[in-house]
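Shared chain: chain A. Partners: chain B in the first complex, chain C in the second.
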Partner chain A sequence: MSTLISLARAVAVERELAQPIRTVRHVHLADRPLVFIPLAMAGEANAPLAAMLGDDPASARLLTVAEPRDRDQRFAFAAELAGIVLGYIENSHAPQLIVPNPAGVTFTRLLGRSTRFRRTSGEWAVPAGVPLLGRWLTFFSERYEHPASSLMVAMTGALTEHWATGQSPVEDLSLGAVLGWVDPPSGMSGAQAAAAAEDPVVCPPAGPATDPTFDNEVLEPRMLAIRTAGLTGDGRAYDRARQAFDEALATQLTPVWAMMWRAVDLLRRVPEAGHVRQRWTDDLDAVAWHAGHIGEGGPPQARRDGAVAAARRLANMERIQEMVAVQRAFDDPLVMAEYRMTGAAFAGEVVHAEPDRVDGSGRRRVLRPRVTLVTSDDVSEQISASELTSPARPSQKARVVSLTAAGDQCRVTVELKGGMGRSLTPVPGSVPAVGERVCYAMVSDSYQNPPALPAPEDTPWTHGGPPPQYTPADDEAREDWS
Partner chain B sequence: MTSTAELAEDATRQILTSLGAAERGVVVDSPPGAGKSTLVVRAAAGLAESGEPVMVIAQTNEQVDDLTDRLASAHPDLAVGRLAAGGYLPAPRLAGHEKVTVATKAADLEQCAVVLGTAHKWATVSGDLRWPWAIVDEAYQMRSDLLLRVAERFDRALFVGDPGQLDPFSTVDTDRWAGLTWDPMQSAVAVLLRHNPDIAVRTLPVSWRLPASAAPAVSEAFYPFTGFTAATGAGDRRLELLARPLGRNGLDQAVDMAAGAGWALCELPARHTVRTDREAVLACAALAERFLQRGAMSYSEQAVAGVPVTASRIAVGTAHRDQAQAVRQVLAGSGLREVVVDTANRLQGREFDIMVMLHPLSGRRDATAFHLEAGRLCVLASRHRHACVVVARAGIPELLDAHPSTEPVYLNQPVRFPDGWEANQSFLAHLSQFTVRLP
Partner chain C sequence: MSGTEARLARVRGRALPRSHNARTIAALAANPGCARRAIMDAAGVDKQRIAAYTGYPAPFGQSRFALARGTAFEAQVKASGAAGLLTLLREHLDLPIPEAHYDDLNDVGGNTDLTVRYAATRQKLATAVTSAADAGTMFDHPLLRLEVGGRHAFLEPDLIAFQLRGRFHVVEIKSFAVIDGQADGDKVAQAAIQSAVYVLALRQALAGHGVAPETVADETILVCPKDFSSQPAATSVDVRKQLTVLRRQLSRIARIDDLLGQLPPGLTLDLDPDGAGVPQRKPAGLAAAIRAIDARYAPECLNTCEMCFLCRDEARGTTARLGRAAREELGGVEDVPAVLRLARGEHRPEEEGDLAEAAALLRSAAALRAEILGEAV
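Our next item is the complex of A and B:
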């Protein structure tokens, strides 16, 4: 946590209201995102109990499983879910999945893993659509790990990325509490709203785990009633019990549904950052690629990466993470402020400019304007030895040529290179003018090539040698522990 | 001293002989300052002289230059190649060696008996160039995915490194690979041993760097199963302060304590602070300055008559970069730009006379895996030849008790010993004898 965010959290505590820590929104919001709130059954690993989902705040779809321990009912749930999710992906040109919290992402990932290898024929056949659902859920949850992607969003994460609350990071995992801090109902402070959200009757948990008292006192008797009605064969009693069960789950999910859309609105009010559009285009390319891969009959995502695939994925994610960090700093002065505080950037006002300065010492005369700025940031030695970039002119490189301290302030002269056109006179506006506020940072968003890796069939002896060809086996869905 | 020197020489000789019989390679675990580079140089020269070309893989340009210089100095007749990236300017110390060739393409160094380069540079070599032997230096700092990119270049390899140092790290979430034998986040040695369990692991038993006051404590806290001893005896290293302090403030007491005992724990009052805790930062900088002001002289087996400890022989180590930057700024204000200030990651493999460290858990409210990591503490506590001063807020033992390790356990993931929690407790228990409280 940077000092700036620590400060924002302290201020949030003092003012009893979450503090904005970003000036722009760094996550894309699709026009019609699919809000997906899964609930799991306590005590049974990743057994779906219910889900509320939909892309329209006015019409939520509720799916429930009366007996989550029954595998057939689980896959019937998956089939129903597939109908909605696959239909949404097909009809939406820009699909986006929003879950309440990171645990919701984990649930989605595991649901994808337990369904994508299922067979639709032969022994243990599942309804059509289930394996396809698994592949898409896996795709979305893998994109969640991708630092540049907005295809899958955990709402608590998106909110706390843009607001600092006055509570701990663990409490920040609770959607109700975060929303209380950020957007308290009128007449209440953020801290009071967050405290009120601790009452599971007022504000049911946003899943996948349910409230234990609800489980014991509400859910259990209704599940029992369904089971009893099923055993006695009383159809009307069964329907009544089933309806009571669904209603009980709706009381848990409806408040969360409302909170999710309130949060979507809150985020929409923050203007989108400059680089988000480009990253979203890459996301949509990934969707198209995945759809094409399925269309061509490609296999489902392997359960685990091979040695080469793992190295490639890691290298990719690290490269993109670095790129996104720079883009955020360039898009948002508050992110850049964190760089300035650690001495990786400085900002100040231009007090002198020589836009037409030409360096004739080399073989060729080149345009090398110099500008002097006054800053009250600490200009570290490290920064004066590095190549610098300014968010306002990313294609231009700057280098510190002189540095003089004057009291609390510092006069820095930088020499500029590139991004000024081809002639010996700079294109108007390409050199900062006197009076302009500029920022120079030790980062650059230039493209890096992905590393060269051996082909999977050339995996060296240090990493176990070449792996066997990946073809999903008939029992690929079997886990080591199942 | 003779006996420890013999012990070390025996171990080295055994390792060098074992190379000939190794089918795939040998791993050598080396505690801090145990003559790793000497071993690398001897092994490279030995293999080259027996007619087998060697590629040497180190992790940073600094390390490669250092090894090249040592190799060329010890074996002036050996044809040595320095593989470097495009913008590389040959280090001045390489200029005097006639048989050292610097090139950016491995193909231009084919006549060299030994070719040295960084792992990242080796990873860019293309074509079917291959060496019968590779020597991988600082192999515990090298990530498995980097080894994957260079492994096709060699048939057999000697891996040398310090298992107590920091594990490789990544800025992205890597849990998805936890437990896989080829987890790209492991060290090069870990991935190698998991796929080739028959490879022999040998240890160097003697630390030349750590003084007799430090070796037992570091060995017990961070190397509980292999252990090592100091090459020098209790009387061989001495730190003397020429100037006596005017008053007797806490800083001077800590400096005196460190000079006498080799350790000092400079304890600030308990408080939860931001990462760049101003008081702790000032204390770190002031301690470094105090050693210089008081004219510290070091007496050792290398300088029996004593030499003054200069600013560049003092280092301040921190966990985070912003902390290092804060200390650097304070020191720059006093004109002490020569004092080395850096994070544990960047101090790995380096050696100083005096080390001042800001304890990773100082002032924290929680003990995360990052701050508990045994390797981080080990790096900071094992850089010094004479003395180490630890700056910390009071209350770390209570913090540790409140935060036992809660990291998830993954199937098939080898358990690492010692865990950070245990290492921290053991190290703090040792330090507590040398506590100096600051107001």
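Our next item is the complex of A and C:
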């Protein structure tokens, strides 16, 4: 968060409507994302109770588990889920998983963890597709941690990255409330819509946790009816009970399903940021790599990373995080405004330009145009000593050569280098002209090399030495899931 | 009955008192500046009922599925004199425990009086410290007491205090899963602060018998289901940090006497039940009485306090409602309209200082938003 975003929250309170904090969309949306809304049984360790999913708003699939505490029923659920998810991944050239909130990501990660080590043959066999599902769910939830990836999206996060609501981050975890602030139904303010969404009867929670009152008053008696019918062997009573159970869960999931697709539409209306396409291409490379790894018979993801893998992962994440932060700033003036607030960038209008200026002081004459701009931003000492880049001309470097205060404003002259062609006359448009608004920042979106780390086989003894080759163990395949 | 007790009884009215527990103390310690919660808890008010009665029912309930799992897991761990627990402690913590007695302190010869039970708990615990026996002892349901706001609160934990060779270990049984050595961060944090409450209370109970505080280990033992199974596994949790936080926060809770002194005389949260026990009090009147007690709302209350919706409604238009970070980033200014006046330059603080600095920052932020979005803030 920042003063800019908090100010947007304050404005949202006054206007009773969420306020934009981005001008472009920084997350990619696939043409046909797979919306996945899982529900878990309260108190159990990630026991699936139901899920609604699909890549078409007009056809949702509902899966339910009548007795989530029963191992066989859980695996039957996983098998059915595998059929849908694996089919989707296979048929979609650009798969994307969208869940309602960060807790949905955690559920998916743990569902992946509890299924990927299973075996489809032998004593503890599970239905075909289950371990493969586990590996893909693990893959998607690992990509969620990746700052540059859009392969798995938590909808509340995507919405609040682009809009500030008039409520707190704690309340921003509720999809209904966030959507209420951003897109209230007609005749209602955002604040009113968000307040209405807090009533679980009007707006069921977006999972994985269910409404406790629903559990106690609706679900428990229906579960009991199924169990009773099962015990008495009354087939018709069982079917009726099972149908009533599914209908009850549908009442909880259908409103969330509608909200998810409304949110997808809202986000689609925001134009995609410039760097998103390249990041998505990297995402698809990762999908292809993972598919290849599975195809070649590679093992499932280990329970935990080894020392080198963990260090590499962390360093990589930090580097990518910084890179993505800069890309966002270069794509979006509202993100760049954060840098301007802290004196790491300034923007203003060009009032004077010497596009053909040539520096002849060295051995070779070089093109070094100068432009002067007037800015209201603070131009810090640090920035005047740094190499600067402008989002409009990322291959060009700039350096401050003079700085004079003029009232509340500041006249800054910068000297430009590069990105203007090879001759001593700049390519048209490569030097900012008088009247153009330009921005210069201390950061640049150029590529940085990954940090040097030893190969896994050279792990120092201080970090446990080289890790053993990972091979899935038998006990992982027959682990309890009860 | 002392003056304080009488005053608290009056605040509570005719309803049965609710007792403190580690959860309520942890919640209070998380927000020590909230007089409303401090008084309502000290008076033993049923906050859930009161909140619902005023039209602001608490946003959290408990699913029977979760309760059932919690109860079943605890029963499983404590079955046959906590034999399973003993095995766990022996294996996972590498404790040389040949055998252990199991002592349920729930009941003192049928006497349920809290003071009597507390005295009995202390006596037994103190005796255990001085006994040289090699065998450990597990004390189930010890009744403990902690000073909160200058007043003693009794705690009845579902807890085992395990004593071995003169040293106590607090054992907490929780039913959330630990998967590959990791569990839900919030739940672990909650369990750790609750364990710290017990460590502190246990130390206070023993202090009266001249037993040094270190006798109660600051490493507590958390017993949770392992991975996706219902098999228990033990993990050590170092609660030194939580103990420091707890001690500091408890010392910041104002004395209940002082808080009571600031209330309008005669203030009560009584529901005015008629002969059949049906409340007759007007909800608006009750809400007004609650509002006479100062609250300090923060969004975190939404997860911990039954009164949160009422307090949040009261905090409408404040920056506190947007969260601590937002409030800080808005220069610590309390009201949203005041923030916006500063941002729009309608209010320019004359004196140099924090407010002027905050105002300058807000004006720049507003100018940037206006420039980029083409619309004044």
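A few notes on this one:
The rule we apply is simple: the second predicted complex is superposed on the first by the 476 of 482 C-alpha atoms of A that agree within 3 Å, B and C clash if a C-alpha of one lies under 4 Å from a C-alpha of the other, contacts with A are read in each partner's own complex, and residues count from 1 in each chain.
Rule of thumb we're sticking to: contacts are C-beta pairs under 8 Å (C-beta built on N, C-alpha and C of every residue); 3 or more make two chains touch, one makes a residue touch a chain.
All values reported here derive from a predicted model rather than from experimental measurement.
Aligning the two structures on chain A places chain B and chain C in a clash. By the touch criterion stated above, A:6 is placed in contact with chain B and with chain C alike. Look at A:44: by the touch rule set out above, it reaches chain C but stays clear of chain B.
Contacts of A:23 after superposition: chain C is touched, whereas chain B is not reached. Of the two partner chains, chain B is the only one that A:147 touches; chain C does not reach it. After superposition on the shared chain, chain A has more residues touched by C, the comparison being chain B against chain C.
Once the two complexes are overlaid on the shared chain, A:231 sits clear of chain B and of chain C alike. By the touch criterion defined above, A:480 reaches both chain B and chain C. Judged by the touch definition given at the top, the superposed model places A:201 against neither chain B nor chain C. After overlaying the two complexes on the shared chain, residue contacts for A:340 are found with chain C alone; chain B is out of touch.
Look at A:462: by the touch rule set out above, it reaches chain B but stays clear of chain C. After superposition on chain A, the chain B segment that clashes with chain C is 272-280; the remaining candidates among 20-28, 218-226 or 272-280 show no clashing C-alpha atoms. Overlap of the chain B and chain C contact sets on chain A: residues 1-3, 6, 304, 341, 480. Within the complex, the chain A residues that touch chain B are 1-3, 6, 145, 147, 304-308, 310-311, 314-315, 317-318, 321-322, 341-343, 378, 380-382, 451-454, 458-465, 480. Chain contact summary for the complex, chain A toward chain C: residues 1-11, 13-14, 20, 23, 41-46, 106, 110, 113-114, 166-171, 198, 210, 212-213, 215-216, 219-220, 303-304, 333-334, 337, 340-341, 376, 479-482.
Touching chain A in their complex are the following residues of chain C: 59-70, 175-177, 179-180, 184, 225, 227-231, 299-300, 302-303, 317, 319, 321-323, 325-326, 329-330, 336-337, 339-340, 343, 361-362, 364-369, 372-373, 377. Of all the residues in chain B, the ones that touch chain A in their complex are 24, 123-124, 126, 144-145, 147-149, 151-152, 157, 170-174, 176-177, 180-185, 188, 191-192, 195-196, 274-276, 321-322, 325, 328-329, 332, 337, 411.
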